[in-house]
Structure formats: C-alpha cells, structure tokens
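A short write-up of the structure that comes next.
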Amino acid sequence: MATHQQAKKQRSRADWLLLILGVVLGSAFGFWITPTILYAEKPQPFQFDHKIHLEQVDDGCKSCHTFREDGSFTGIPDIESCKECHSADEALGEDPAEKEFMKYLQADQPIPWLVYSRQPDCVFFSHAAHSENAGFECSRCHGDHGQSTSLRPYEYNRITGYSRDIWGKGPIGLSGPPHRMKMDDCAKCHRENGVNGACFVCHK
Amino acid sequence: MLPFAFEWHWDIGHIIFFGLFYGVISVVFGTLTLTILKTILDLWDGVIHSPDH
Amino acid sequence: MRRWLDDLPKYADDSSWWPTGTTRCRPEVFLLWLGLPLTIMAYFTVSALLVLVLGLNQTNMNDYFAFGVWIVVDLAVIALGAGAFFTSFLNYIVGKTELKPIVNAAVLIGFICYTGAILMLGIDIGQPLRGWFGFWHANVHSMLTEVMFCITTYAIVLCIEILPTVLDNRRIGKVPEFGTFSHNLHTIMIVFAAAGTFLSFFHQGSLGGMFGVLYARPFAFRGHLGIWPMTFFLFIMSAIAAGPSFTTMCVMITEKITGKRLTTHKVKMLMGKISGWLLLVYMVAKSADTLYWAHFNLPAAGVTFDSMFHQPYGIWLMWLELGVCGWLPALMLLTPRVRESYGLMFVAMLLTCIGVTLNRFIFTIQTLALPVLPFEKFYAYLPTWQEWGIASLVLGHGLLIFMLAYRYLPLFPQEPELNQQ
Amino acid sequence: MDWDRRTFVKFAVGAVIGVHASPLIPKLMDDSTIWTQNWSWVPNPEGGGVAYARTVSPQTGTGVLAKIVNSRVAGERAIRVEGDPDHPLSQGGVVPADASALQLLYNEEIRVTSPMLRNRKTGEVMRITWSEALDQLAGNLSELAKSGKAHQSLALAPDPSDVTGRILSRLMHSLGSPNTAYTPTPRETMALAGVFMMGQPFLGFDLANANYVVSFGTPLLEGFGAPVAVRQAYAKWRGYPKNPGTLVQIEPRASVTAGQADEWLPCKAGSEGALALAMCRIMLEEGIYDKSIESAYGFDDMKGFAGFKSMLMKDYDRNKIAKMAGIPLAKLIKITLAFAKAERAVAVCGPGNSGDPGRMYDFMAVLALNAFKGNLGKPGGVLTQQPLPLKALAGDIADPQQPPLAGGERPFNVNNVNAMAKAALAKKPYGIKTLILCGGNFVFNGPQANVMHELARKTPFVVAITPYLDESAAVADLVLPSTHWLEGWGDSTTPYGSPVSSYGVHRPLVKAVPQARDAGDILLAVAQRLGGKVAEALPFKSTEEALAKRSEDLGDFEELAEAGSWVQKKAIYGPPKFNTPSGKLELFSMILHDLCVKQAGSADVLENMLAYLGVEGGAKTAFLPHWQKPAAWGDLKGNKLLMQAVPSLRTTWGGDAITPYMVKILPDTMLAEQDKLVVEMNPITAKALHLNDGDLVQVESEEGSLTAKLSVYAGAAPGMVFVPVGLGHEAFGFQVAGKGMNFNNAAGVTSDPMSGMPIWELTGVTVKKARG
Amino acid sequence: MWRKDQVRYGMVIDVDKCTGCGACSVACMSENNVGVLHDETDKIKSITWLRVYQIDNGKPFPDTEVAFFPRPCMHCQGGESGTPGQGFFQEDTDPDAAHTPCVSVCPATATDYDDATGIVSQIPTRCIGCRYCVAACPYHARYFNWYDVPWPKGTPRALSPFVSPRMRGVVEKCTFCYPRLQQAKNKTFLDGSEVGEMDYQTACTEACPSGAITFGQLQDPGHKVHKLIKTDHAFRMLEKLGTNPKVYYTSKRKWVRMLADNHLSQAKAAKAAASGGH
C-alpha cells in the first residue's frame, strides 16, 4: 500500500514551505493593494481653518453649523452665513485660500465642499437627537475636526462613491467614531444607551 | 451572523440556530482540516496511498 | 503543423483517464455529446446576462407571483437530490452497505442538484450582490434563512463528499498528495455523511416550512408541531421518498444510453423498495394533512376547499399529485413484481418524481395564484423564455457534470465486473 | 530543490490562500454591495431647509401649499403640493391633479424650454430668442390690422375671468378682433339661468349645510366645482351612527357619486330636467311646497302666456315623466316627499358627466325646484355669492366693427368656441388668418378636438402660448413658453357651485424653466410692440402689475399674493335680492323675453327665431323653466347607443393634462393593457350587440371614432356606452402619451337651445367589434 | 385591544366617506418618491403603496353599489391568539408578541416590527430582493421594484430628500410616513415639546379631501382613532387570519363590511343548514 522513496520525501517537505511562503506573500499583497485600488483623493475647493474660525465665534460649532427652527440641521453653512462676517468687497486677511473664497462670495455661489462625514442617502441622522437631546459633543463623532487648521484631502471609495471616513481608515475597517462611522458604530452606541433599535430609527 | 452584528440578540433562537450552525461548520471544517493535516503528515512520513491499491 | 495534426488522435486519446476496467466512447463522439449540455448552458448564459443586467423585469414574475418557475425548479431539484443524503445516510450510518454501488452516483446527483439550485437562487434574488446579507444579517426566525444556511453548508459538504470520487480518478489518484488525501477522506466519510444528513434534514424541512408558516396564505398554511408547520415534515418525507427514485432513474437512463450495466438490478430494487415504503408513509401523512387542512384550517380562514381551485390550477392538479403520482407509485414500488420489471419500476419511479415536483409547483404557484382578499382577482402565470433559460441550468450543468463524471470517475464500482466480456 | 509544476502549484495555492486572508476580497465584496445601494442612476435628492408657500391652484381654485426645499447647492425646488388647511375651499385636502402638479412642472421632456418656430412644410423646429418670437407675433398681428383684417384672428384661452383672459380679450378687442373664446364652463350657464330667473349671475349651493341633496346628473364626487370643498361637504353628510345628510343621485350610471349616494335614481340620460319639473309638480299636487312661490312672477297665467303652474299641470305628469325617465314612480314620489320635508334640502345642477357647461333650461328647472322648496338664501340652499370686488384693467374699449364669427345671431353674448371654430372653417361669415392658442390646450380639449385640430391645420399662422409641448404646441407655427402656475403670476376666480366667492392669486414660487414667461407678460409685450390703441388698452408692464390693479379693492397686493387668496368671509343668508324687472323671482323670465323680442322685432319672427335657436315648443314655454328633449335622442335609430363620458378626479376635464401619477392610479376599468382605453357597457346591451367583456370595440360617432376595450359593467345603464374622458394624449412624455384615446375626438358638440352654449353631454354612437 | 402602555400608530379609513379620487395615493407617491414606469396598467408590477381598490356589491343594474377600499400597509402586529375553530392562526400564546407575516420571513432582517410605534419597516438598501415577504403578505401591500425607475429629465428635482429613492431589485411598501415622525421628533428635541396627535400625520391622511382617513395612536383614549375603532361599524381586512392589522375601516354598509373578509365557509354552512331543514 505505501511506497517509500527518500528523494520524493525530501522534495515534498520543501514544497510545503513554499506553500507557506505563498500564503505570506499573497496576504501582504492583499493588505497593500486594498486601499490603493479602492480609494482616490479629491481636493477641497480651498483650504479652511476651523481653529481660527472657532476662536472668532461665541457659540462654538453651533455658531455656523446651526439648527433650523424645525429641528433640522443645516450642516455646512451656506454662503449667506459666511457673509455675516465676510464681505465680498474686501478680504480680511492675506491667505491665498481667502482669495479663492472671495470668488465664491462675489459670485454668490455655494462652495462645493466635500463632506467627510456624508452618510449614504438611506440614512436618517438627527443632529438634534444627538447633540441637543442626548447632549453629545460634536467631537464624539467628528473628532477634533473643529480644531483643525487645514483640510485634509477628501478620500472617496472608487466603487461606492462614499467618503473613506465612513468605512474607516484602517485596512480592515475596524475601530469606531471618529475614525469610522459605519452602521455598526451607530448600533453599538444605541445598544449601549438603550435606544430603540428599529430600522426606521436610522433609515429613511 | 456574528455576535457583534446589529441583528444579533442573545436569545434562544439565536443560540439554537447559530449553535447548531457553528457546530456543524466546526465539525465539517474541523474534520476536513484534520484530514488535510493527516495527509500532510502522511506525506511527510512518506506514507502514500493511491486508489488502485 | 502537419505533425501536430497527425498527432491529434494521440493527444485526444483520454483512455488513460477512464476508470479502471471500463471502456468509453471515442473522444469525438463524446465531444458531440457534450454539444447538448453546452447548448443548454449557452441558452442559460444569455438568459442570465439579460436578467442580471436588465433586472427581474425580464421574467413574468410579478407582485402576485413573487416566486416563479425558478423556485419550483429549485424546490424540485433539491427534493430529487435528496437521494444523496439519504443514500449516504443509509450506507455510511445505518450500515446498509448493499447501497455502496450506487452511493457515488447519488452523491454526484445531489451535488448537481444543489449547485444548480444555488446558482439559480443567486439569479432569482433582486440584488445578487447583496446575497450574503442573508448570512451576515441573518434573521433566525425565517425559514428561508435556515434554507440558505443549510443549502450552502450542505453544498460544501457535498463538495467534500464528491471529492474522493474525483481524486480516485485513475490519473489524479496517482499523484501522492491526492491519493493519500482521498484515502484519508474515505476513512472519515461517516462524519460528513452525518453532517450532510443533519443539514439536509433541516433544509428539506425548512423549504416546506417556508410555505407552511405563511399564516396569511390559507392555501399554504398548516398547523404546527413544535415550532415547525406540518409541511416541514411532509417536505422531508416526500424528498427522501423521491430522492432514491430519482437517483435510480438517473442510473437507469445512463444504462440505457451507454448500453452498459452499471449496478445490479438488486441494488435498484432495494432503492425502489426504500422509495416505496417512504412514499407510502408520506402519502398517509399527506392525505391526513390534506383532510385536516380542508376540514379545519380552511374554514377557520373563512374559505372553503372548493374556493382553493381555479382553472388552470384546478382540483385535477391535486388528484394528479395525490393519486396518480402519489398512491399509485407507492403501491407499485411496494409490489415485488413491479420492482422486478425494469420498465415498470422505472415508470413508478418517474411517477414518484413527477409527484414531488408537482407538489412543489402547487405549493409555490397555486399558493400565490389564489387571492386572499375577497375582492381580488385570480391570476395565472407563464414564465418567459428567459426564465426557462435559467431554469434549464440544472439540466445543462447536470448533464455536463454527469457526462464528464461518468466518463472519467469511478462512479459505479460494479461496472467493470458487470461488463466483462 | 527543483522547481517543477507541482512546486509552483503549491506556491500558487499558498498565494491564493494568502490573498483571501487579507481584507481584499471581503472589502471588494462589501464595496460592490454598497455600490448597489448607491447606483449612479438612482437619484440622490439633496436635503435642506423646508418652507411652505401658500398659493392657489388655478385648475381647481383650491388653496394649496407648496413645500419648498432650499438646498445649499441645488437651491430652491418644490417637492410637494399639499392642501392648504387654512383655505376654506381646501381645509388641507387636495386633488390628484394638484398633488402631482410637480410632475408636469419639472419634466423638461414635456416643457417648452424656449420660444420655437416651426417650419410647417418640413416640420423642423428652430429655437429663437424671445425678442424674435415677440416680433413674429406682433408683426403678424399688426399686418392683419393694417390690412383691415384684424377680425380675421381668433384667440382662445381657458378662462374669461382670469387676468390672462382679460388681457387677451382687451388685446384682441383693441386690435379690432371680436373673436376671443374660452373653455366653456357651467359658471356661464348658471349665470344665464340666474340672471334670467333672479337677476343674479353668481349663485352657489350651500352643500356643507344641506342635509338632503338631490343631484340632477351632476358628478358631485368626480370633480364638480371646487372638488375638495364638495368632498368636505359630502363627508359632513356621512357620520356615525347615522348619516346626517342624504345624497340622491340622478344619473344613468353607477358612478362614484351614484354608487356612494344613499339613493340612486338611474334615469334615462338627458331626462334629468324633466324629473326636476315632475318633482315640482308632485310638490304642487301634494301641497308641500313653499307657498311664497305662488307670488313669483309667472307662477300663474299671465296675459298672453301660460304660467309655470299651468305648464307643469299640462306637461309634467308624474306618471308620464317617470315612465319616460325609466324610474319607478314610487321611488320618484318617495324622493320628492323626502326632499320637500327635509329641513335643509337642495337640488343641484351642474356640468354633465362629459364636462360640458350644462343645459340652461335644466339649470332653470332645478332653480325652480329649489324655489319650490323655498331654500333660496337659506342655509343648505341656493345662495347668492358676493360678486368678486375686482376692478376692470382699464377703461372700456369700443366694440370691433365686424361681428364675431358665431353667436351674433343670439339675443345675448355667448361663448361658443366650437361654433366659432366651425364658422371659421366654413368661412361663414369669414375665415381666419391667425389663431392664438393661449393655454387650455384646445387642440386636445376641444370640446371637439378634431375640429380644433383642423382649424389649426388650416389657419396660416398659429401661435401656441403654453408651458408644455402639448397637442396645441405640436400644430403651432410659433410656440411661446409660458409659466406653470407654480412659476409665474396669475389668478383664478370662484369655482362653479361654490356658495361663497373666492379669488386666488398665484405667484412665482420656484423656477423650473428659466425661459418661461407669464402668458400675460407675453401678451403685454406684444401689445407694447403693437403700440397705439392696443398699447393704450393695456397700460401694464407685467402681469403682476395688472393683477395689482385688478385686485386694488382687496387690500394690499403683496399681502394678497403672500396669502394666495381672498375668500368671501361669510355666506349671504336671508331672502335674496331679485334684480329682475318684477323685483321678484321670475318663473317667467321677463329679461329673456324682452331680449328675444327685441332681437326678433315682432311676434312672428320671434317664433322663427326660437325655432332657429333650437327651442322646441316655441314662445309658449321658451321663457319658463322647462325641459327640452336632448338633441342626441333624435340620433337614436337602429342600434345606436348614447355615449357619455366617465369623469374622474384621476383624469382631468380640460385644463392641464393628466399627470403620470394619475395615469398610474387609473383602474383597469379606464385604461388597460398598457395603452387601451376601456369603455363600459351594460351586460344586456353587450349581449344584444354580440359583444363580450374584454372585446376590442370600435365606438363611432359622426365626428370621430374610438378604439377601446369593452368592460361589461352591471352599473352602466342599458343602451349606453361610457367612455373615460381626458385620456389619449399624444404629448406629455412616455408616461402619459399614447395611453387611451381622446373622448373629445368622438364627442358630438351641439349648441344648447336658447343659450347657445356648446354641449356634448350625449352623443349617438354605434359600437361594434373592432377588426384586427 | 391595544395595550395602554404601548404606542401603536394606526389608521381608520371611513369607506363611506371615501370617494375613490386617488388623492391619498398620489400624495403618498409624491411624499415617498415613488416612480412611474412606462406601463402602469400592469397592476401586478406597478408600485402603489396606497392602492385604492374599487369594489361593488355585484348586483345588476339598477341595484349596483360602489365603494372604495384604500389599502396602505396594514402594519400587522400578528400573533392575535385565537381558540381552535375560531381563529385561523394560533401560534403565539403571548398576546403581545409581534408576529407580522412579512417580518418573520425576511432572511436578511430588512424589515422589522418597531415595538415602540408598531410600525413595520422596510429598508430597501438591506433588502436582497428574495420577495418572500411579498408572498407572505395577504394584502398585496408589498411591492417589488421590477424596474429601475425611469425619471424623466428634470423630474428628480421634485423628489423629497426625506425619503430615499429605491433601486430596482428591492421590496418597498408604505411606512406610515415614518420620516414625518422623525421630522416631528426633531422639533421636540429642540423645544422640549412632545409629538402631539396632529404633529405626526401621514401624507394620505392630510391629503384626503373628504377627511376619510384618520391617523393616530390606537391605544391612546385621547386620539380620534381610539374612539373610531370602537364603533360597531369598524372592521379590519382579513381579520380571521390573525394578522392583527392596525388599519381599520368603518362602513355602515353591511356588504362592504362583508367584503373585507372571507365568509365562504359560513355561507356554505348556512346553505347546508338551510337545505337540511327541508
């Protein structure tokens, strides 16, 4: 039933090491290529310094990122809000970004900001529920974005079109807010706080 | 499918269903892995079988 | 160039791959035969592309007939493929080693049926790319979840079960890794047979449960035993009754086409007997269930037995299923003289298989055709050519796999012995 | 170590396992799945702040709220039209046409996006600038005027009472053309009947306060008057545990109204007026009528003329009429008694099911019945509306010298677009050179669509001022994009039948087509270009300015525009003021009599004239409320059937086209098998004609024919065929075009006896199996 | 009938007031971004979250009567326990356990029964399109997207940002305008008020010109629906099946009430009894 050959045996053992080498190299390749082929970068229209702005206002983030009367959240302020401090006639500083900004101001055009934390269309997210009702700090989900002095490039997934901030920076997509804003992260917090877990609470 | 998925509840339904599922999966893949390992060991030791014998 | 052409017969000569001690037709004849499944597969491919690219509007399914011919075929082939698990169960676990000569074929047919069904289900769902949600975000209360988990897992088990037969090919088996692996698998096969039996048992049942739990559909809804509706058990019983019949039928058809004897008639008779007894038990249960349904379930829903049948899905379908394709083959298969006759046994087995297919058709299509709202209309359903194309996948890929397997794999251990000249 | 095939295979297998151990495969799988959740071809509407703006839909005169989203990037857009809870005619309710108006507003495939010039020979369409377009139109009109042929132009608009209608009429008049016509409405018929009997043109029904309502063929629930208000009144008649109000419907088909009514009297189509008079007679005989009617002018015999009472006693025997109308006498008596005894009963007349303006003598008969009940000016009865305090746009304009195309032979002015079109086609008294289609899509809505189409085809220069690439735009040489009512300025006046008067102003809320201009603005710009008398007659820069002038007496214009509407505060209860020569209610109309006599000149001629006007029975009854046999009854020879339309709020009557959502919710008893019109017939009639349910049939009238699928319906009167109206557009995009056929292509339009209004309630048709 | 301590949103539709105009249906579609296909006459492929069925009493001329059944999703709670012979479905012994026909069958948890509102959800982005729920629903309230919606150029501008448009290959259905509840709640978070009865009304309820639809919390005695469902003219569709729906109808007409459920077996039994008497 069994045959026994020394040469064959020798070769066989070396072969198995090769298989393991294959596993290691294949896996390394996979880890390296995943973010490279999946994500692309887009520049923001111009630079923006959250920190400087935050220092100028009284009411923190809510000075510009306001709620409407009906409880909905404005998100990124419109150009009218900018005009409350900035004038179309005269720049306030010397920053080249401001020159760019002046163009929009003068043309009265909305600035095509790319939103890092833009959730898919099927998501209903109530800022009022989180920041007003539950009293969360903005930074709980958005991190120290408000303290940043410049805007990092906006990365998006080539296949899905969503911002990379949603799936997370790491190659295997673990972690949680502010580094990741997936459904699992919403669910985790909801579950911990005993919030109703029905689908419609977060989906529309 | 995994306990940290949103839909997971530690209720009797999940425990039975996934208990059985993971049980079967473990048995099947466990046995398969064992067989593969045994084959590798057999070959390492030079024990070779072929169907015609 | 010239030499290459001259050498062609040498290249094409695949006789060293044939199972030991058997002969097969010439390669060019075989190629000709392959044309049939390949044509069917081409038809399938065109249909599948249309459905995947343009959507399910390519079918005649609609919000009434949410399930169509695909589900019917899925349910039917899964029932008919039950021969695999039940023969393995009898062979490996009960220890009925008389079935050994047919178990390889049974497993292969199971493999064909299950892989075909899974492929078709992948096309049937509206968002195939999201199919894995059924696993990842599983709802454990859904019978369909159970079906998805069990079918997939069982398909894996079937792959493992079929593996030794593939590795036992005369040439492949000579590779020391494969030969040894195959040998080791053989020795542990009982574990896989047990796992397969467990999984099959549950998904055959949950396929029945899928309809039996539809409590807002009086035609399908059945009373419960534990957490399972009666259809759960009825589907298991009908599947294990029809499975052996279907396996034997396939073997018989192969014998007729190849002109070779592949198993002894005794093995077939045993399969027939098993099928017959199981069918009898099933028919008793099914008849009792039907009576209970007609007398208790339906009146509770405010409907009557007569109101369940509209042409073209008239009451004739029920008589055909229960009588001609139910009781009749059961009694036939239990008659030794019928089993002794090659032709009569074939007819009885064919009726059995038709019966179980009809049962799946009735549960799928007729359930949906019946309006539950009193003021709703009754609709009928006819599949489009695209739907037929995809439904024919099982036939195409089944033929292809079976032809290749028959040619190259030692499916029938008795063949060399029975065909010695 | 040797590298052979087997070693390489092992390495490759290892690599495959390795790749699978990395996140690559699951990530690709996950992302391809997320891709299916964010397909680029599925729209992704941008959010923003929500605001509501009040306005009034000119289609229904009902107040609505436009829900407007202001997105940071996409800007303002309307996402919904809802009912206005604060508008008395809406109270939050809305009809399908208004609720889906945005589907027409925003559909760039069906909107006219810039002025266009069409080459008639080649069919080629050229986009031109506004200034070129206005020059074209002004040039054409001024040429006509210069050559003394100003009268050879005809302008059509949907509404004579709205600002666009007023501007158009002034433009044409000052240019020298007497030919302006409008979509005929029951408001005009009611005004005639009201003036002749009460000296009051603005009458309405206090449905909300009535508890017994008898409707004479009026499709109350299918889109009558202000449809939302009528429904709210209807809802008041329904309650728990007993219905506070009773609805009696008299009509030949188990329509929505008849099917929902407490009593349905399936009368022979066209006999409704006779039934109203038979009810008067029963009340008279039973002595259960309001005694003050006895003092009405013409109740008793007068010198030379028989009175109303004598006429009733002579012609309206209960047995005879019940038999003629095909109604069981007992039921008629039961209804009459209940009507007479009810606390607040009202009899309603109005447009027929086919949407025509109604028969004037029927209206008079119903008014007489209401007078017999004594409900004039009472809660739940017939009320006079406060006339809308609107100002004329400017001083009077001298009448053009030439007589109008049609209607000049009548004793009073009448708006008969069909007669005008036919006269123009026959060149009697003259043909036309220029046709201005200012909204209303007359080429589709007709009333006789094929006549309008022929007229457009034969007129040398056709202008369509329309928001849509509709059937009228398709035949026009010059197409000018006007605004949708959510985009521009305009107004609307009291809907038919309303107990209180109302005025609605709509203003630009959103912009869907940047090039579109208000129809009024277009006409004003043309007037400016024409200069002289015309420019003087229209001293406004914009429709907005004209509206401000028009509504001066309604308070601050900006407030009015913001509020969207002005509605008469309180209904006028109390004895009505009769502005008749006798100062009383006139059952014998002296106004009508005098007008006729004046026109005729002598008694002999009077009889001839009445005969010419189609009034049967001559002067003996011509000035009394009486019943005229419908002209279509005369057609019923052989196996002819009477065709009547099936109106529905899921389709439209004139005005804007049916919207995609309305098409979507059409039942398969109106539209089937993707594009087939469905007509209804009683099973007995179908059997007699050897037709089966589902057959494809040909419905043929003298005017045209329809191919349709037959639906056998037990609720349809025998001897008739019922055809949905408002379907069969050739324009309006893939969701609307080509679905069904246009009822108005087969409707036979005749002139109402005496009033001369176009009517098309009933048409004699043959129905046979369609070949093929 | 409904536990006092559980919020259960429900609807009462007065069939006698309904005039079948379709305003509710259209308002629903414009609220929820429902599309229009090339052919909408094929009703079994056409998506109408709120479909208005026209029914008649089946009598010949001139006794024909007509009524309309607007049919949204019934938001069944299911699990209404019955005794053998009376109820059809007797699975749950716990009367509060939700056993919605469509929810329990979904393999991918794309639909659930919200215990805080009693509303049955449907999440199209989770749906794999197996259509098992469509088969499970006896009211035909669930619709599959057989086609990608062909939005004519420009019309996406009229889409509501509060409801996500669906892609082909998924199931959708009436949500009782849940996003409206979300908007109403948003406001309460800011001003600390409560969501009142009139703060959360569905699009169909608002649009109905004859006020035939009433919406509110079934269990709350202060809400109109609570009183309406107690009248003896109130009924639900297919009550015998034990789906325990939260949409009620009222009608004074007996034939309308009869048409809401199957009574064939009783009719047959009555006939048998009648003929047996002779």
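Each chain carries a letter (A, B, C, D and E) given by its place in the written order, and its residues are counted from 1.
The definition used in the following text is that contacts are C-beta pairs under 8 Å (C-beta built on N, C-alpha and C of every residue); 3 or more make two chains touch, one makes a residue touch a chain.
All figures in this text were calculated on a predicted structure; none of them were measured in a lab.
Participant: Could you tell me which chains are in contact with chain B and with chain E alike?
Facilitator: A chain counts here if it touches both chain B and chain E, which gives A, C.
Participant: For chain A, which other chain has the most distant CA centre?
Facilitator: D
Participant: Counting C-beta pairs in contact, does D-E beat A-E or the other way around?
Facilitator: Of D-E and A-E, more C-beta pairs in contact link D-E.
Participant: Look at all chain centres (mean of CA atoms) and spot the one farthest from the centre of chain C.
Facilitator: D
Participant: Based on mean C-alpha positions, which chain is nearest the centroid of every protein C-alpha shown?
Facilitator: Located nearest the centre of all protein C-alpha atoms is chain E.
Participant: How many angstrom lie between the centres of chain B and chain C, each centre taken as the mean Cα position?
Facilitator: 25
Participant: Cα centroid separation between chain B and chain D, in whole Å?
Facilitator: 74
Participant: Counting only Cα atoms for the centres, state how far chain A is from chain C in Å.
Facilitator: About 49 Å, centre to centre.
Participant: Roughly how far is chain A from chain B, centre to centre by C-alpha average, rounded to an integer in Å?
Facilitator: Distance between chain centres: 38 Å.
Participant: Check each residue of chain E and list the ones that touch at least two other chains.
Facilitator: 42, 109-110, 125-126, 148, 162, 165, 167, 169
Participant: By residue number and range, which residues of chain B touch two or more other chains?
Facilitator: Residues 5-7, 43, 47-49 of chain B touch two or more partner chains.
Participant: Residues of chain D touching 2+ other chains?
Facilitator: Within chain D, the residues that touch at least two other chains are 32, 35-37, 44-45, 47.
Participant: Which residues of chain A touch chain D once you look at their complex with the stated criterion?
Facilitator: Residue list for chain A touching chain D: 11, 14-16, 18-31, 33-34, 38, 68, 70, 72, 74-76, 78, 110, 112, 120-122, 157, 159-162, 171-173.
Participant: In the complex formed with chain E, which residues of chain C make contact?
Facilitator: 55-57, 61-67, 124-127, 130-131, 133-134, 137-139, 141-145, 148, 210, 213-218, 221, 224, 296-304, 307, 367-368, 372-376, 379
Participant: Looking at the complex, which residues from chain E come into contact with chain A?
Facilitator: Against chain A, chain E makes touches at 110-117, 119, 121-126, 162-165, 175, 178-179, 182-183, 185-191.
Participant: Any idea which chain B residues touch chain A in the complex?
Facilitator: 4-6, 40, 43-44, 46-49, 53
Participant: Please give the residue numbers of chain E that touch chain C in the complex, ascending.
Facilitator: So the residues of chain E touching chain C come out as 42, 44-45, 53, 55, 69, 76, 78, 82, 84-89, 91, 101, 104-110, 126-132, 134-140, 142-148, 167-171, 237-238, 240-243, 259-266, 268-269.
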